[in-house]
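In order of appearance the chains are A, B and C, and numbering begins at 1 in each one.
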Amino acid sequence: MNQGNPSRDGTPGGRWLLGLLLVVAVAYPLLVSSNYAVDVGMFILFTAFLGQSWNIAGGFAGQMSFGHTMFFGMGAYCSAILVVTYGINPWVAWALAIGVGACLGAAVGFLSFRFGLRGSYFALITLAFAEMFRVLADSAAITRGGLGILVPVRQGFDQLQFVDGRTFYYIALGLCLAGLGIAGWLKRSRFGARLEAIRENEDAARALGIHVLKEKIKCLALSGAIGAAGGSFYVQKYLYIDPHLAFSVARSVEMLLVTMIGGAGTVFGPLVGATVLGLLGELTRSLSDAQGLSLVIYGVVLIFIIAFLPNGLISLLQRRSRKAGGRNA
Amino acid sequence: MLEVVELSKRFGGLYAVNQASIQVGQGQIVALIGPNGAGKTTLFATIAGFLQPDGGRVVLNGRDITGMPVHEICALGMVRTFQITQPFSRLTVAENIMVGVYQHTSSRREARRLAWEIAEYVGMGHLFDLPSTELTVAGRKRLELARALGTRPQLLLLDEVMAGLNPTEMAEIIGIIRGVRDRGVTILLIEHVMQAVMSLAEHVYVLSEGKLIAQGPPAAVTRDPAVIEAYLGKNAAQLLGGDVHA
Amino acid sequence: MDFLLNAVVNGLMSGAIYVLVAIGLTLIYGVLHIINFAHGALLMLGMYVVFFLVTRWGLDPYLSLPLVAGAGFAVGYLLYRGVIGRFSHGKDENILLITLGLSIIFENAALFFFSAHTNIIDLDYTDDIFILGEIFIPYTKAVSFAAALVICLVLSLYISRSDLGKAIRAVAKERHGARLVGINVETVYALSYGLGIACLGAAACLLMPSYYVSPTVGHSFVLIAFTIVVLGGMGSFVGALVGGLIIGVAESVSGAFLGEQLGQIAIPIIFILVLLVKPTGLFRGAQ
């Protein structure tokens, strides 16, 4: 009896490759000399983590949202407000922000799914929620409106601010690994199996005893928590947040892009997508200073993926491993 | 085990199901037959909770389950399959069955083991890790059955399992269904294929234009003039001389 | 009272602009359920075309309307035939993502070529105003308002009377059946999409005199357009007209009471409420 095809779990190439990648990732900041390169690496890992947030809702459960930045933004603002206005310790604020993200996810999930929204309607309502938060952030006193919130520089571990970009890199690596862990857990757990069933066929899932509404809400809560965790980290790294950075469509799109391009519903999809897009971005930036070129390319890649590789770039690796290893059918 | 009391389902002004009453005893295999458009699948869907009835009650093991959410009904032991198979496309056969099995366990290893047993039982062991999209029609029917079995149902509602199968495949599934009943599962099935009805069912209900027009053992029902007329048209019973063999 | 009246009139004027943008989407999304996320970006491209026609060739936007609308039709038709229809494999979620991809490409290509400046056109009549009692109505906005009414009416008649309109409604209602009676479904989709983008071309011509263009100008219109289509009732042109005016007034009035920043919240809130409470909208559409 086949104990489970490894490529189905999204671990192309097996354990050796993973181990190698981990070693490379850990060693990376020590191997490169420029701070910029470390920052690029950090940003890729961070984007992969944010992508996991989208992946859980859009990839595993098939609920494609166009407003996922709302979780990122909520987490970011929570952290910023708690730290700056209320003087709460950044680590504690981080934890609280994650809780708020989860609650927001549950609330959005409840509203949307309780009222039966699916497909494009769900995508659009999440877009509307994100826009609503943007306007609120832009006008409220607590968020300092369009000025945004500036986090005072106070370096030190207990203040979650570091001089050395490499520390942030390692935190981002930790986050990315946590994201991979969560996705991996989903692949092996009953909860994840139920989400996938819901994605594939809601009615059949229901007929088999799955409480679809409850699972979807849980899914969105988890997704929201991860997004908020990312937002919180962002604020500590860049020490600034404003309504545009927090709630713009661009970030929602980014979270979606890396996952769809890498491979939605897989463990490593967001990481693959973030790496490919990150490197592509750097490449185009070296070719031209003008803004927008890299995104044009991302758009083309997205369409290409939908047209020819709907399971994402990671399916290329899966195909190769399937041919090599064969299947016990 | 199952008692459906004067169940009605209306779409706009039209009654798709009109005061249908059905009893299914523990361990029985009961069939629901009738011409196309009679309302059989609508009745199933209403019993199983996919549609809200406009009248009547559904009682399962003495408990009124009318209008309960589908997943709760499944938890109480009644599961339905679909006429047009609904596999979880991007999942393998194993993963499909495991979704059903997860109703009773939360361990992946356990779920996989139980799914394997079920797959073997319905003859799909050799296809265990196959993507479900690569199954034939017969395979998908078996998968539908296997998935439902995973939930350990007390009452299984099978919707036209035989459709699209060749005689060999049909004979195999009939054997499997009988075996399932012998293991203690009660079965209510919708069928068009008379051969299957005759060989499986102990009791038959006939639905026509939303109303139950006959019930009884298969042999008696198929000779009933009202039933013949429902299928073949007015006066067909007379024309055929009244004594018809199925 | 005066203050409120002004807000309402302003709202009607901006509402008319929204209607113009939403008309195309009413056909594309409302009738045929093609989730055109590229709607805003295509509007933006149309507006750049108008901008260049005015600044390079001195072509008045109102006069170039047939040209731009025609070009819009061609672009829409080719986009659907060549990209959207071809690559979506018939699935809704793919159309969502492909049109998202297109919007990313168009917006950022515009950013790359034109950079982030905003541009306006200055015409002889840009500052002309009608005065009705205490109300000041810019000439350009009055034209938009009238145009919105006319276009809605024309399209509504076209869809209900013409052969193509019938084919479109047939496909919208029952795709498979339509195919069976000999309607080339893919062609109908492509023609409809073309028609919808033609409307965007017209909208661009009517907007430019009173608005501005920048690579991200389409952004805000996307949510507004979808809100109007859903609020009005999927596929109803009359609904789009009424819905658009309601949205315009709601935004303007809330802006008057809540301030310019917070007033913007009217649109997402209306959208959310409509989706949750009455997703079928105000009017029964073509579906």
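Criterion: contacts are C-beta pairs under 8 Å (C-beta built on N, C-alpha and C of every residue); 3 or more make two chains touch, one makes a residue touch a chain.
This is a predicted model, so every value here is computed, not measured.
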Pair exhibiting more inter-chain C-beta contacts, A-B or A-C: A-C
Going by average Cα coordinates, which chain is farthest removed from chain C? B
CA centroids of chain B and chain C: separation to the nearest Å works out as 49
Just how far, in Å, is the C-alpha centre of chain B from the one of chain A? 43
How many Å are there between the centre of chain A and the centre of chain C, using C-alpha atoms for each centre? 32
Quick one: which residues in chain A touch 2 or more of the other chains? none
Chain C-touching residues of chain A, taken from the complex the two chains share: 64, 66, 111, 115, 117, 119-121, 123-125, 127-129, 131-132, 135-136, 138-139, 145-146, 249, 253, 256, 260, 288, 290-296, 298-300, 302-303, 306-307, 310
Where on chain C is chain A touching in the complex? 33, 35, 37, 83, 86-89, 92-94, 96-98, 100-105, 107-112, 115-116, 215, 219, 222-223, 226-227, 230, 258-259, 261-262, 264-265, 267-269, 271-272, 275-276, 279
Residues of chain A defined as touching chain B within the complex: 1-2, 4-5, 8, 188-190, 193-194, 196-197, 199-201, 203-212, 265, 327-329
The chain B residues in contact with chain A across the complex are 48, 50, 69-71, 74-75, 79-82, 86-92, 95, 98-100, 102-103, 105-108, 111-112, 116, 126-130, 147-148, 150-151
